[in-house]
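Labels run A, B, C and D following the written order; every chain starts at residue 1.
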Amino acid sequence: MTNVAILGATGYAALELIKLLLRHPHARITMLTSRQEGQPHVSEVHPALAGMLDLRCEQFDAERVTKTADCVFSTLPHTASMEACAQLLDRGAKVIDFSADYRLSDPNVYAEWYGESHTDVAHLREAVYGLPEIYAEEIRSARLIANPGCYPTAAILGLAPLVAGGLIELDGIVVDAKSGISGAGRTPKLAYHFPECNESTVAYSVGKHRHTPEIDQILGEIAGTPTQVIFTPHLVPMDRGIFTTIYAWAKRQHSEAELLDLYRSYFVGSPFVRVMSRIPTTKDSAGTNFFDVTLRQVRGAVVVLCCLDNLIKGAAGAAVQNFNLMYGHAETTALL
Amino acid sequence: MTNVAILGATGYAALELIKLLLRHPHARITMLTSRQEGQPHVSEVHPALAGMLDLRCEQFDAERVTKTADCVFSTLPHTASMEACAQLLDRGAKVIDFSADYRLSDPNVYAEWYGESHTDVAHLREAVYGLPEIYAEEIRSARLIANPGCYPTAAILGLAPLVAGGLIELDGIVVDAKSGISGAGRTPKLAYHFPECNESTVAYSVGKHRHTPEIDQILGEIAGTPTQVIFTPHLVPMDRGIFTTIYAWAKRQHSEAELLDLYRSYFVGSPFVRVMSRIPTTKDSAGTNFFDVTLRQVRGAVVVLCCLDNLIKGAAGAAVQNFNLMYGHAETTALL
Amino acid sequence: MTNVAILGATGYAALELIKLLLRHPHARITMLTSRQEGQPHVSEVHPALAGMLDLRCEQFDAERVTKTADCVFSTLPHTASMEACAQLLDRGAKVIDFSADYRLSDPNVYAEWYGESHTDVAHLREAVYGLPEIYAEEIRSARLIANPGCYPTAAILGLAPLVAGGLIELDGIVVDAKSGISGAGRTPKLAYHFPECNESTVAYSVGKHRHTPEIDQILGEIAGTPTQVIFTPHLVPMDRGIFTTIYAWAKRQHSEAELLDLYRSYFVGSPFVRVMSRIPTTKDSAGTNFFDVTLRQVRGAVVVLCCLDNLIKGAAGAAVQNFNLMYGHAETTALL
Amino acid sequence: MTNVAILGATGYAALELIKLLLRHPHARITMLTSRQEGQPHVSEVHPALAGMLDLRCEQFDAERVTKTADCVFSTLPHTASMEACAQLLDRGAKVIDFSADYRLSDPNVYAEWYGESHTDVAHLREAVYGLPEIYAEEIRSARLIANPGCYPTAAILGLAPLVAGGLIELDGIVVDAKSGISGAGRTPKLAYHFPECNESTVAYSVGKHRHTPEIDQILGEIAGTPTQVIFTPHLVPMDRGIFTTIYAWAKRQHSEAELLDLYRSYFVGSPFVRVMSRIPTTKDSAGTNFFDVTLRQVRGAVVVLCCLDNLIKGAAGAAVQNFNLMYGHAETTALL
């Protein structure tokens, strides 16, 4: 049994993480932190958890956290997260960080996209990008996991077999993603006010979304050469799920069947990837840790169509998957 | 042509009002006010109005308003509204007020439910409750209209024929209302954050909603004796519309056909009331000024089932209907 | 390990049941039946189950079912269900029936509301109403469970403490229920076509819904005297969940705190009932087996406000809860 | 005053058309046809129209139609539509056809994509593609209008300035469209059953959607050379609206401001095109005849972001706009 703490327990990813960990036979939640005053009970913050977990949210204190827990999940926002994680790592905790703070290996790229200097370059060097379908070996022995962003998980898994196989041009890849609104977080803003975003679809941060360099970096690692994608996120009026449509330009002709076989081979041993011939819907992976993918060929383009639950496979589920690998449990524990 | 001003132009009711008035052959919007700084263009506040109205939102100034407009629609919140309206009335403007400030004839009832003293009792005395289906005559000669609340419009119109006919007990009337979320206004709050209220239904302000005394007062006027209803509002995950289910206890037996005939007779001459035998849906009146109603008899109860668009018949449409009556236009102008 | 079969595997309740049973450590799904031709794989019928269950849906054959499974969950429609269940019971299977066929103890009431004669009165006599919060003892030794309807579960659990305590009048109880659209089943019809029912709220089957006699019967058993409620179901545009607002007339004055204490006492030992002081939302119990309830007193009325997930606590979860009791497992197995 | 008939009055486009025409000062609806038996009243077919239009839906009879109406709007499905329209044209009516039957100038292309031979090649030759922003002159003198598809309207208007200006490569244009579900029509099917498509996003007909050749053809006419786009439609859980994201490859560098100016110039005189710098939302054009568009440049790609209401600017509104041009009315009549 591993004692775990969750930092920043008031958000949506934390809620899903708590639900998953409550089902985990080898994890026990021993501490929750939040910046809210007055130590609110977790059921006040997340009424859905009434009767399920009897803990109050405390102010963050690195020493108390590491006394109470061996593994810490941080769902703090970027910069705040690395400040906390640095202290925890120095005290010997293992850390799974949901923020962007340890995802970008180059601190200059971080500074460029996040507008702030990286303050924990020391630990950044040992961070492992927590995408088990690609980095399972490194994750097993890591003590600091950079849990991937929701959009990058879909974009990278959707493209990895094509990039690894050298089947597509690395220029001009278009990643057009459609996300449910929980991806925007839990802080009320006009753009996410129900009567504004219900019955509406919109693109945002076109060409500027901070998940872009993360997609570039991992695809570049797979390709062995710098890679840049054209990434456009959209919000669609639903709670959960991301549908990502990827357009890449085939180097040579293959049948759809051949390409699907390539995907099946690439993801052999990945229990949460479902390669399928029909087009997946976000609903079929909602509430699960599955990544569903298919592809079509259209007039010279390979069109990859893939889905995941942004809060599970795109956040909390991936974190538990990483936890399972780090602690030697079956990769699917608490996730099926 | 009447020049009109709209106070508090940033909310949802104001948006609908602007759209209706832009179609009105005898009204011209000459001024918009808001408390937002920097005189934002109306298309910045309401992007839907891009290319439709070229006005900036100004700070409220009573003298400027009355110089520019003959009739003022106030969509300011309560207490702020009577403060502004008092000045406008004193300067000779006609006023249609969307707030609760002039709806309750007894200032003590106002103080009890709104927690603040009434500061404009002088004008309160001449205010007319702007429900044309009941007070058309008074509206025609009024210079201050208290535009009804959305819930009261449905509850009162749904019950008026039964109460006027003395067919039901005045005790134990249950008004169970289900509203779309635009009724909660445009200020972002956690309760109306999309991922919180989407896919969710909830009751709120049970027994304490401020529309309760308004329903009591008008039904009491119709009945000729004090009346109290048990009113429970709910939020359902949709933008627009209220479905109100009313349970009243029949004094004597009538057939449904007889009761529907009673409704048809009562609402003869009311162009926006559609008495029907099938059960209405909120969708069929959404975007319109119609009030749709039917009823059923169940085990001694008369169950009234009625719908309206909370922002049109429950706010902006009713205001234009009142404007039409006040200025001698056909009641349906700009509303069909 | 108990081998279980599911009849009528193509519907929404069956999908949820399969998901729950796949997590159950003491149940193994060995057979699925459906009337669809060609033995479709379960992942063709329910794409969400891809990679999770490798079974084809077979045509119903009582002998094959009882050879394969010890316990049968029937999600067949009424009349079809009792035809199948009678054969299974005669062959020694235990049966948990989701239809109405074994819920109404009086076959004449069945005939009156369902318009068909009851064809299995023999087994009807031994059927136990599967509401564990009230009939746990009987369920433990039952071999035929009539799994309750979704609306009755909410109405009965919401009223049981008041009725059992003799605190309310048995006349004039109003049950106003708001359901997500999955409650209408999976057969496409215009009323449930997305562009028709999205952004719309409507009542249906007013005074005629077939769950009415079921509510009457169980409340009558609790009260010890015949009881009739005024029941109005509504559809609101969401997938899952029922919000039920109940209006009953207090016989004498109690504080809300006293009444909430009464509820807490009544449901002591019921692990899935959450009595709370705040008003529950359907979202907080969605996807769970919880029944959430609170109450308010308004002008002489007790207003009970309660929620459940129509497909879990209102169907599949209750069935697994019954299964757990029948087979001696902890009541919460696979349900938390 | 022009007498108009509507064929196929039971669908969503017909409903919107009726609402628009009821506001039109120079059109009178004199006949509705449908294949439904028993001459249902239009308010039975479309309850929203109760009290607004007193007509029954008749079986189609070309002679009766042309005796009653001068201009006929056909919302019949393809092939059925040309069969009816041919008869009407031969009898001297003007026709605005919502189907694809007269959109593709080459009958072979029609046969290839629609799987049926074209049966009215004679009239096809004189058909004018009803996109007033491009073909206003031809429309004014036309007697047969092929009203454009909803997706093509967005794709073509979004790309026209770039293609006309020769600013982009004609190869590799990606059109990724997200549509509300009313675009799928009014016939209930499992894919559009609320609990299936609510809370879900999905692509469909990837590379095979029948609007593809229509986009190709018109862009090709503008470019003066054959053009092919990669078109992927998606369904998102909302009633109305299309958000189209277009990726094209710039031939040379321009600033965003220059490109927006190009759009403003191109659409000068187009009262329903709103070129804007912010990203439009489908909500802001929902219920209107506006086409909203902006663009961004991202890593060598021009990303066009545009919206319209699929049933108004994408169908009924465009039809009225065409009607206005054909009959010499102001282009915006009944549409603002």
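Rule of thumb we're sticking to: contacts are C-beta pairs under 8 Å (C-beta built on N, C-alpha and C of every residue); 3 or more make two chains touch, one makes a residue touch a chain.
What you are looking at is a predicted structure, and each value in this text was computed from that prediction instead of being measured.
Looking at A-B alongside A-C, one finds more C-beta pairs in contact between the chains of A-B. Among the other chains, the CA centroid farthest from that of chain D is the one of C. The mean-CA centres of chain A and chain D are about 39 angstrom from one another, to the nearest whole unit.
Work out the mean CA point of chain A and of chain B, and you get 46 Å between them.
Taking the mean of the C-alpha atoms as each chain's centre, chain A and chain C sit 36 Å apart. Across the assembly, chain A contributes 180, 196-199, 237-239, 280-281, 283 as residues in contact with two or more other chains. Interface residues of chain C, counted against chain A in their complex, comprise 22-23, 47-48, 50-52, 199, 274, 276, 278, 280-281, 283-285, 287-288, 290, 292, 336.
Contact residues of chain A toward chain D in the complex are 172, 174, 176, 178, 180, 196-204, 206-207, 228, 230-232, 234, 236-241, 243, 245, 247, 249, 279-283, 286, 296-301, 303, 305, 307. By the touch criterion stated above, chain D contacts chain C in their complex at residues 12, 180-182, 184, 186, 188-190, 192-199, 237-239.
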